[in-house]
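See the structures that follow.
Consider the two complexes below, in which chain A is the common component and chain B and chain C are the respective partners.
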Partner chain A sequence: MKFDLSILAKHIPFLLEGAWLTLQACTLAVVGSLALGLVVGAMRTSASPLLNRVAAVYIDIFRNIPFIVQLFFFYFGLPEIGIYIDAFTTGVVALSIAGGAFTSDVIRSGILAIDPGVIEAAQVSGLRKITIFRKIILPIALRASVRPLGSVFINLILTSSILSTITLNELTGSAKIVASNTFRPFEVYFVLLVAYAALTYAVSILIGMLHRYLNRHQEEGAV
Partner chain B sequence: MRYGDFTPFDIILLLQGLGVSLALFVSTTLIGLVIGTAWAVVRFYRVPVLMQLVTFVAELLKNSPVLVQLFLVFFGLPAFLKINVTPTEAAVITLSGNSAAFIYVIAVSAIESVGRDQIEAARVFGLTRWQILRRVIAPQATAFAIGPLTGLLVNQLQVTSLISVIGVMDLTKVGNILNLRTLKPFIVWTAVGLVYYLTAKLVTYAGARFEKRLRAHTAWKGL
Partner chain C sequence: MISITGLRKSFGAATVLNGIDLEIRQGEVVSVLGSSGSGKSTLIRCINGLEKIDAGKITVDNFDVSKPRELAEARKRSGTVFQLFNLYPHMTAVQNVALAPVEVLKVPRKQAEAEARELLNSVGLSERADAYPSQLSGGQRQRVGICRALAMKPSYLLLDEVTSALDPEMTSEVLSILANLAKGGTTMVFVTHEIEFARSISSRIAFLDKGQLIADLPTEDFFSATGMALPRVAQFLSKMRKD
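Right after this comes the complex of A and B.
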């Protein structure tokens, strides 16, 4: 069979619709996992043994169980306890919770990498705990962890393809429909592969730019 | 009559699923190790055309969802090349390729972790290229690579859950079947998640043990 991409031309709008849904889900999930990651990362580095333990258990569980199992747990389980939400919301929630585990680990290592002297200086200056966290710890930790956070988010984009298994027609889901309509699965999935690779490549370039922008003062001072 | 209750046989079913998951995990990891290391060696010797090709393929595999790769092999290849691909074959091909791409990255950095001066010293002593690779680089690179490799393997174990989507009877698929039969998603997916969790812990533990053994010669032994 010859490799013919032209048959895909009339399905492009449909695929773009799916890509739009992927983009929405990923954006929401990135925001959700960043928020969750900040809270859990702060808990993981707090002085309270209880908060620390709870955060550690959360990270451990969601990093060691396959995402598809977590997704099925939420998708099939939630209606059982009377919570009826659509596939999109379930997917975003599951992505955020799973992503939050990875994000909090990155933020934790960012916080731990801060020179203790900086925090001691802030404490001696009489700043309140919450102020130290918001104005001293977070900016330094976040600035240092832009790159690792970026790779977590790229992974999140790739993981979002699994949402197609709970009947959500995002990019992969709509490609599945196109493949079964055109009977040209090879072309469809090949294009999809390249599209995802291009998307994540673009995101990684953006992350690199953001990293350089946020760390611009460091570089000038270093030389 | 509906068999909606759990039976003792369900445990055997779960163990069977675990067996399939583990068998695919181990075999694709081994194949991935061989291919990934071979790619890294190609890069180490800077083989002209092959090196660029390997880098490109590895990037493409790393930056696209495994689910899409799986669909490309399982639905795309049979339609394109007019061959038969069983779900298990598709799973082995995809997971091996995917593992290889990530192992390649680890192997490259492991090889680079061995100092240039050591290689130059070995060359001065008149060792052949193969001897340098086998006696100088390999032992140190392996010890360096075990840490990241363990992390990767925990990840790859979770990736194997995706093959349930194309109908391989692995642990997740068994979970799906039990879920549909008993309609008790919380119990089923918790059990499946727990099995994955314990397996992942086992992989982490084994990796840590192995790393300790490889690094035994550098450990402080006391005077």
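Right after this comes the complex of A and C.
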């Protein structure tokens, strides 16, 4: 068999459409899981036993169920009880919820790693709880969490390929279609492989830059 | 006035403070001495509300620190300097100093930062005002810590072993600043192991032993026959002087 990428030329616009959809879904899901992770991470470290418990249950549930099962439940299960959500929204929401469980865990450990003395200093200076969280806890925790968050987000991008199973023609979905139309799965999936690798590599470079930028003054490992 | 009556504090089975009565009036410099584990730092942490007290009462200008609403007012009136500095690592010296005035006292940011620079200038850090804590030496960090406490214009300065983490040279940088503040009339509660320095700046010495206040004397009395008449004080002083 001959390895011939040129046969894919006329399918490139279609594949790019899929890539664009992947990019949109992943961007929204990264934002969603970060927002959710912040809230749940804060709950998980709060003094309130109730908030703490609710957060812990959420994390345990969504970390311990295969993503594809969660996705099927949302997309095929919920309509049974009268809840219809389109594939794209379902995908983004499911990715955000699943990603949020991992994100919140990373943020929680970032918060727990903060020197308690620093927080005490903020308390005695009379800052309100919410101000301490916004101005002290969050910026310090996020700086420490950039790299592990990056791993979570990369995982999220890779997991987004599963959205192809609920009729969403994102990158993987559109590649599957091209593969079955051209009967050239080797070339098609080779391109897919390179595309995901390039996407995640770009993200990890960005994360590295962000980490270095945010921690540029912490060279002594102060945090 | 900071007023402490019948203060008790335990950590589990260990009673750290066992019935402390102490008053600190405006303008006084009170040094709290005692061996390690005598409860000195816990006393400070009770005054600024970092530890919940088990019994007794602490008021700062009549605000009861055990009541959450009043604690906020009490905290506005006292500033704490910590042994390990506890600076905000992601903020420059100026930002560390200006944060609370902006957020708590609602001073406009520009004005707060200008005042922060002035304070840093007064402790010889004008060149380092825009440095981050990790870029400063221990002595410089502690000077920023002092400025951060002073920026809130507190009536009382609570100093918790502020030189214990510093080498002798840095210690003297920090002590000379405290001596100036004392001269300027700042009220201070000074928990320390620096006996000679405490003697030189304090108006009174409070001596803690095993959670009890066994001496509360004017400085000159503490270091003379009156203090020496107390066996634990005599023992402590002779031991510290030998070291």
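The rule is short, and it goes like this: the second predicted complex is superposed on the first by the 219 of 223 C-alpha atoms of A that agree within 3 Å, B and C clash if a C-alpha of one lies under 4 Å from a C-alpha of the other, contacts with A are read in each partner's own complex, and residues count from 1 in each chain.
Note that a contact is a pair of C-beta atoms (placed from the backbone, for glycine too) under 8 Å apart; a residue touches a chain by one contact, two chains touch by 3 or more.
Everything numeric in this text was worked out from a predicted model, so none of it was measured.
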Side-by-side fit of chain B and chain C on chain A, or clash:
fit
Tell me which partner A:209 touches in the superposition: chain B (first), chain C (second), both or neither.
neither
Given the touch rule stated above, what does A:161 touch, chain B (first), chain C (second), both, or neither?
first
In the three-chain superposition, say which chain, chain B or chain C, touches more residues of chain A.
B
Now for A:7: first (chain B), second (chain C), both, or neither, which partner does it touch?
neither
Considering only touches as defined above, state whether A:127 meets chain B (first), chain C (second), both or neither.
second
Once the shared chain is lined up, is A:57 touching chain B (first), chain C (second), both, or neither of them?
neither
Between chain B (first) and chain C (second), which does A:217 come into contact with in this model arrangement: first, second, both, or neither?
second
Just the number, please: smallest Cα separation between chain B and chain C in the overlaid arrangement, in Å.
23
Chain A residues contacted in one complex by chain B, in the other by chain C:
none
State the interface residues of chain A toward chain C in the complex, per the touch definition above.
115, 117-118, 120-128, 131, 135-136, 139-140, 143, 217-223
What residues on chain A touch chain B, complex-wise?
1, 3, 61, 63-70, 72-73, 76-77, 80-81, 154, 158-162, 164-165, 172, 175-176, 179, 183-190, 192-194, 196-197, 200-201
Chain B - residues contacting chain A, complex
59-60, 63-69, 71-72, 75-77, 79-82, 154, 157-162, 164-165, 172, 175-176, 179, 184-186, 189-190, 192-193, 196-197, 200-201
For a test of understanding, state which residues of chain C touch chain A in their complex under the given definition.
48-50, 72, 75-76, 78-80, 82, 84, 86-90, 99-100, 103-104, 132-135, 148-149, 152
